[in-house]
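For reference, chains read A, B, C and D in written order, and residue numbers begin at 1 within each chain.
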Amino acid sequence: MEIPMIYYIVLSLVMFFAGVYGFITRKNMLMMLISIELMLNAVDINFAVFNRFLFPGQMEGMIFSIFAIAIAAAETAIAIAIIINIYRHIRNIDADNLDDMKY
Amino acid sequence: MNFLSLFVLIPILMMAGLAIARDMKQIRTVAVTFSTLQLGLAIYTVIKYLAERAAGNTQEMLFQASTMWYEPLNIHYAVGVDGISIIMLLLTAIIVFAGVFASWKIEPLSKEFFLWLTLLSIGVYGFFISIDLFTMFMFYEVALIPMYLLIGVWGSGKKNYSAMKLTLMLMGGSALLMLGIIGIYYHSAPEGGTLTMNILEIARNNAIPHEWQYYLFPLTFVGFGILGAMFPFHTWSPDGHASAPTAVSMLHAGVLMKLGGYGCFRVAIYLMPFAAQELSWIFLILTGISVVYGAFSACVQTDLKYINAYSSVSHCGLVLFAILMLNNTAMTGAVMQMLSHGLMTALFFALIGMIYGRTHTRDIREMGGLMQIMPFLSVCYVIAGLASLGLPGLSGFVAEMTIFVGSFQHTDTFHRVFTIVACCSIVITAVYILRVVGKLLYGAVQNEHHRELTDATWWERLSAVTLIVCVAAIGCLPGWISDLISNSLNAIVERLS
Amino acid sequence: MDLSQYYLIWEYMQPELLLLVATILLFFVDLFASPRFLDKWFSGIACVLLAAVTALSCIPGSETHTLFAGMFVNTPMTTAMKMVLNIGTILVLLQAHEWVNSEACRVRRGEFYELIFFTLFGMYLMISSGHFLIFFIGLETASLPIAALVAYNKQGDKSHESGAKYLFNAVFSSAIFLMGISFIYGISGSLYFDDIATAAATDTALFVVALAFIITGIGFKLSLVPFHLWTADVYQGGPTAVTAYLSVISKGAAAFAFIWVLFKTFSPAPEVWQGILYVLIILTITLGNLFAVRQKDLKRFLAFSSISQAGYIMLGVMAYSAQGLTALVYYILVYIFSNLAAFGVIATIEHKTGKVGMDDYNGLYKTNPKLSLAMMLAMFSLAGIPPFAGFFSKFFIFASAVHSGYYILVFIALLNTIISLYYYLLVVKAMFINENENPIETIKTGCYGRTGLVVCVAGILLLGLASCVYGYLSGLSLTVGI
Amino acid sequence: MEYTLFILVLPLAMFLLLGLLDSKLKPRVAGILGTLGMTVCTALAYFTAFQFFTQPRNAEGVIPSQVPYNFEWLRFTEYLHIDLGIYLDPISVMMLVVITTISLMVHIYSLGYMHGEKGFQRYYAFLSLFSMSMLGLVVATNIFQMYIFWELVGVSSYLLIGFYYTKPAAIAASKKAFIVTRFADLGFLIGILILSFFTKTFDFATLTANPSAIITESAGATFLGCSVASWALALIFMGGAGKSAMFPLHIWLPDAMEGPTPVSALIHAATMVVAGVYLVARLFPVYCVTPEVLELITTVGAITALYAAIVACVQTDIKRVLAFSTISQIAFMIVALGVASDTDLHTGLGYMASMFHLFTHAMFKALLFLGAGAIIHAVHSNEMSEMGGLRKYMPITHITFLIACLAIAGIPPFSGFFSKDEILTAVIEKSTFWGIWMTAVAGLTAFYMFRLYFRIFWWKDTDCSHHTPHEAPATMTMPLIFLALVTCVAGFIPFGELVSVNGQPYHIHLNWSVATTSIIVAVCAIALAAWLYLKENNKPTAMANTTRTLHTAAYRRFYIDEIYLFVTHKIIFGLICRPIAWFDRHIIDGTMDMFAHVTQWISARIKGLQSGSIQGYVWILIMGTLLIATLTICCCL
């Protein structure tokens, strides 16, 4: 039995907003990074699903999601580097501690 | 190249000369040379203009020249003068000339002072020779911004506050103006025609729709009116003038405020005659208030510069008031008042600066009996005062009378009643002028330390005498100026009927 | 296999490929040259390379080239935009010289230049894209290295914080941006700009949501309110050269890219995005100004000023006309010169004394008249005072917006210029008017920095008076056909 | 008669010469130069008068008026323009003679009186300026030229009153004089504006040729129940009333006595103060078309005459007494004009009488002032209490002063008798009430003049222990003698032949019943004065004590000054100027500052947005995005 498209869409939206929620609430920066991954993956699902269900004759969405995954990896790499740098400075990776500059 | 461009070019050369000048002597030499040159050019322009008119040239603007500048927007560097502009150019040249002498000993950073002053004069000259809205507006702002530093660096009292207030308020005016000018530009030609910034072409096209004039007229009028110290946007003036150094007050009150009046009719009224007629009553009330209000306020001030600043509010209010009467005589009077007020207020500020430079106070309660100590300055002050209160034979009288007679010729009773209200200012003017003269110059010497002070030096005398001679010359022989102006106004007035 | 195809690609992608070549060359120089040679010449080589890229590709053909089935579009206008960015980047490199070659940064010097070049490449892609994939790759190429650059001062106490703030915001907004693209894809079935315009149903809620998401993604880079909050912190904490780069080049590129996305992809529904931008512009200008008013740190101050400038830039987008496009490109060009002049002065002083507070600048004119004059010109130009270039750019961008009927919007923007004038004057006041017991000592600017400043000042003075620049851009925008 | 131009140009040249060179000239040279200039001027004026009055009359028996000069000075509209010119008709020529004569006398007199004063050159410069302005005023061809010179005489008067500029009283007086007259001039100006608006001309000849133009042109226009024509003429009269110190605009004149005494003689007795009379006379045909304004003029004049006479009776400063006497006498002229209701020779008798009195009054009042100057010069005080018994020490002054007193009291054969008699005749013919009133005033005049005379020259035999008063030098006595002679003979000039309401010759014949009455009244008054003041006694004090309230009130000039002070200081300054200044600083300025403060305030309030936390930023970002999406969906779909 074919699962209708809407289920995938709901799933991706839930993932996306779970990611948003996680990003906003989690203090640990690694957790925030993971939330971002959740959001990006939700997008990938979207692309794949739209391609598969609505425009089955082409591969544009699929290709796009592959690129997106690759770039997400790059993002993570840089993020980790920066997080390490932060850890070196302040000996923890809580996002709350990064508010020296404000107003 | 058109010789009018020299008006802008000479100050630019002057700035270059100042930039390479090394000591005070060289700075003075450069400043005097170029400002004299400029004065000569202004006089030459007047003569050439008169000759051209006498030769039967009936063009609206003479010596026109136009160079394409920004082609996509059809912006030209376009210059041309009529009788009103050349009068204003002459005024500027005279005041700059006198101003150079009045700031003979400016300290510190004298070079920078003259540089800024010259930049200011570039703006003013450029404004008066432009007939393209864009360049006109550009020069207008060029003239405004040096004020900030001139007041901020060389000023006195609460100069930071005053400089900031003045700059922001005037720039607020120019913000309105910018919108107005852009709006005019986009309605400058009938549907399908080429849009233009050229004032004469816009007037010829006469394409600004009436409903748009209702918006654009107030924008431009208020925009310029702020510089013309129209009530209730005049409040930059007292503080600004009080804090500014001598030559800057002279130039600002003498010339810059005239930019407002000039712009009001060159742009607002000339280009939008319909709205001018429909909406003039609103601004007439405001300017009428300016006239009386400024005079009353001046009566109780104790700082010399405040007195003069409020008196400028009153006199410049009269300029705008007369412009709004929309008839030839009153507008002629307005231009004459610009000229006359420019000269005499410059004289006032020059004298106040000289007095302040000696006594280090501008509070009339702390001074007295200066007539015994510095007779020359005091006599000049009395003459300036008499000019200001409209003594026949000096310029103030002819200007005010032309305004009153002209305004009273208006067919509408409302306008005539308002003219009578404005007339009352001549009495109040007398009150505050005589109050100052009485307290400051006459009577016993208030402060014994003042007895050691000296009278004017030669450069101060030169500065004051130049202005007095002009004031008296206009007051005694007003006919030719009046004719010059009123002939040039015909074109504007014709559009109003 | 036809070699002429390669030649075609070379010809059509000239700026990008030249830049790539330059990057690789730079990489090799960095790798193999002796350290003493590099100390002396590396910055110079980088600048010369970039200048060469600019010179070689600055003669755009008159026709439009498309590659990769329309995914990549190079038009005269895009080339012009790239050249504008190049000029800015060269100036940034000139100003960065002293800092990059200082003791602390010398070892990582090569990274700085290469990352800059890479981001520039990403921006090229963004501007030239005809497909969201290219656009996305360009966007990420342009923003991820910047995060590394912002965190470049490893030992600095604020750099890491800035880096984190930039990166997390960037990643988050790019996720939202991607979501927007996926919706668009879902609606239209294509990621080509032109196809989307024809295929998408504009009156669905999904379309609007997608539009909002995409605006968020690009608005982040432009630092439009309410996506602007990272700006100030990142500008303040990052190295000054990087801040300068962020504030002009990155912003400029985003604006250019934004134009193409909106003008091409969303051309069926201009009133929708114009409505959104209407509100965003008012918010951006006003909030930027309101925050700028009370800043004491000059870099933070310029951050907020750049936020409000972004609002003015968007007026050109609002206009949605050839005139608006011209005005926008011109505005950014002028903005590059003005802002970089300011950053040049700040960078010099910060490098020599470590001071960036506005109070530190009190009495600067007495000791450093030339720097003060450059800073003052920059401030006047940013505030839009004639006869400096900023006046002309502001006038033209307002004129373009008014031409499209946005009187009220322009009026609000104009009122805001008064506030902006106030805070720009505060800087002028500090330098010229305020007294200071111990002002910053007289600084001798290095020759790179001086060159950069001189070029900026010359640009400020001449760009407005020389109408040919605007005329040239205007000619190019007419070929775009909006 | 082109040379008449020099009558104006000469004093102007003198003014510029003396004013510009100022202290570079020796005082003596300056004085002599000024006097010489004035002498030539006087000669020219006399010659003009001679030529003018001896020219043949035209068919109606009128001496034709002449306009030797008239050029356009400033053009307003096609029909309104200010011309500067010279208009010679009987009254202007008569005024030329009066002004030049008095001015010359004052010039000569001042050589002695002002000798050694600081600013001697300046003094002569101002005198020349004044002479020029006054001459320009009387020969004005149009009302605006008159206004111009009107202002100029005001300023000269201001400068001369404030000549002793270190004296606070002088400064205050000069300011007061200028501002009060300026206020009146405002009325004049508005009057001119209204008049010219309807008649389309400033020109006197045109105005008087068709006097009813103002009525016909402004038909129907009314304001507060009076026709606009009446308003215009009343306002113009207001200008005249200000200059001529009519009640209630008289307050500046007594204070103006702070100026040097010769100045008082010239400006504040003989010439400038009669400008108002002259103005009404100039426009007389126009006034005739608005009888209500003439009635106003009569009433104002009559009240002023009585008021000033009463006040003069109790003043102790001799110059003040003379000042009030001047006010009172000018009021006589004004009343005379007011009762002349027509341009007919008979009913217009007042016109001639007024001009006649102007002429004679100028002479004897100048004489009185110059005499007073000599006395002050001798005793160094203005106060009566410092004087008495001076007849022995200053015989010439005494005799000339007596002649003047007799003249002003209306005792024949001195000039005042003739002119005053004509006035009383004219008044009585118009209205018995005003006739009795004015006769009473004439009696009062005789009383206070002789009070003055007796107090100065008799009262006590001075014991001038500290210093002996002495007769003035010749430069001062010569003018006295000359003016006394004129006063003696002026009454016999056939004035009516030369000046009359319509220009036709009028034979003056005394109305003996009026004359007798007035002589009797005058003699009684003189007798009363002699009884009270001939010898030192305490009768005056006793009388003052019995009528204390009235006496004090009169001495304080019925508190008019105080009312003015109240109005200007409390109301104008306190209730208008200060509140406006406050309003400006706090409301208008405050509003502008408020914009700045509000901006700063908002800026400070919203700083929390920039919280510094990554998650806060992202929260705002996502919320912003969603809000935009929602709003757009709501608005667009």
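The criterion applied here is as follows: a residue touches a chain if its C-beta (ideal position, glycine included) is under 8 Å from a C-beta of that chain, and two chains touch if they have at least 3 such contacts.
Everything numeric here is computed off the predicted structure, so don't read it as measured data.
Interface comparison, A-C versus B-C: the higher number of contacting C-beta pairs is recorded for A-C. Chain B has the Cα centre that lies closest to the mean of all protein Cα atoms in view.
Taking the mean of the C-alpha atoms as each chain's centre, subunit A and subunit C sit 27 Å apart.
Look at where the CA atoms of subunit B average out and do the same for subunit C: the two points lie 42 Å apart.
For the pair subunit B and subunit D, the distance between C-alpha centroids works out to 37 Å. Subunit D has its Cα centroid 78 Å from the Cα centroid of subunit C.
Residue numbers of subunit A whose C-beta contacts span two or more other chains: 23, 32, 95, 98, 100-102. Within subunit C, the positions touching two or more other chains are listed as 164-165, 168, 172, 176, 232-233, 422.
Looking at subunit B, residues 168 sit in touch with two or more other chains. Interface note: chains touch in the pairs A-C, A-D, B-C, B-D, C-D.
By the touch criterion stated above, subunit D contacts subunit A in their complex at residues 607-608, 610-615, 618-619, 622.
Listed in rising order, the residues of subunit A touching subunit D in the complex are 20, 23-25, 32, 95-96, 98-103. Residues 72-77, 80, 82, 144, 147-149, 151-152, 155, 158, 162, 165-166, 168, 171-172, 174-175, 178-179, 182-183, 185-186, 189-190, 193-194, 196-197, 572-573, 576-578, 580-581, 584, 588-589, 591-593, 596 of subunit D are the ones that touch subunit B when the two sit in their complex. The touching residues of subunit C, counted against subunit D in their complex, run 164-165, 168-169, 172-173, 176, 203-205, 208-209, 211-213, 215-216, 220, 225-227, 229-230, 232-233, 271-272, 275-276, 279-280, 287, 290-291, 293-294, 419, 422.
Taken together, the subunit A residues at the contact with subunit C in this complex read 16, 19, 23, 29, 32, 36, 39-40, 42-43, 46-47, 50-51, 54-55, 58, 60-61, 63-64, 67-68, 71, 74-75, 78-79, 81-83, 85-86, 89, 95, 98, 100-102.
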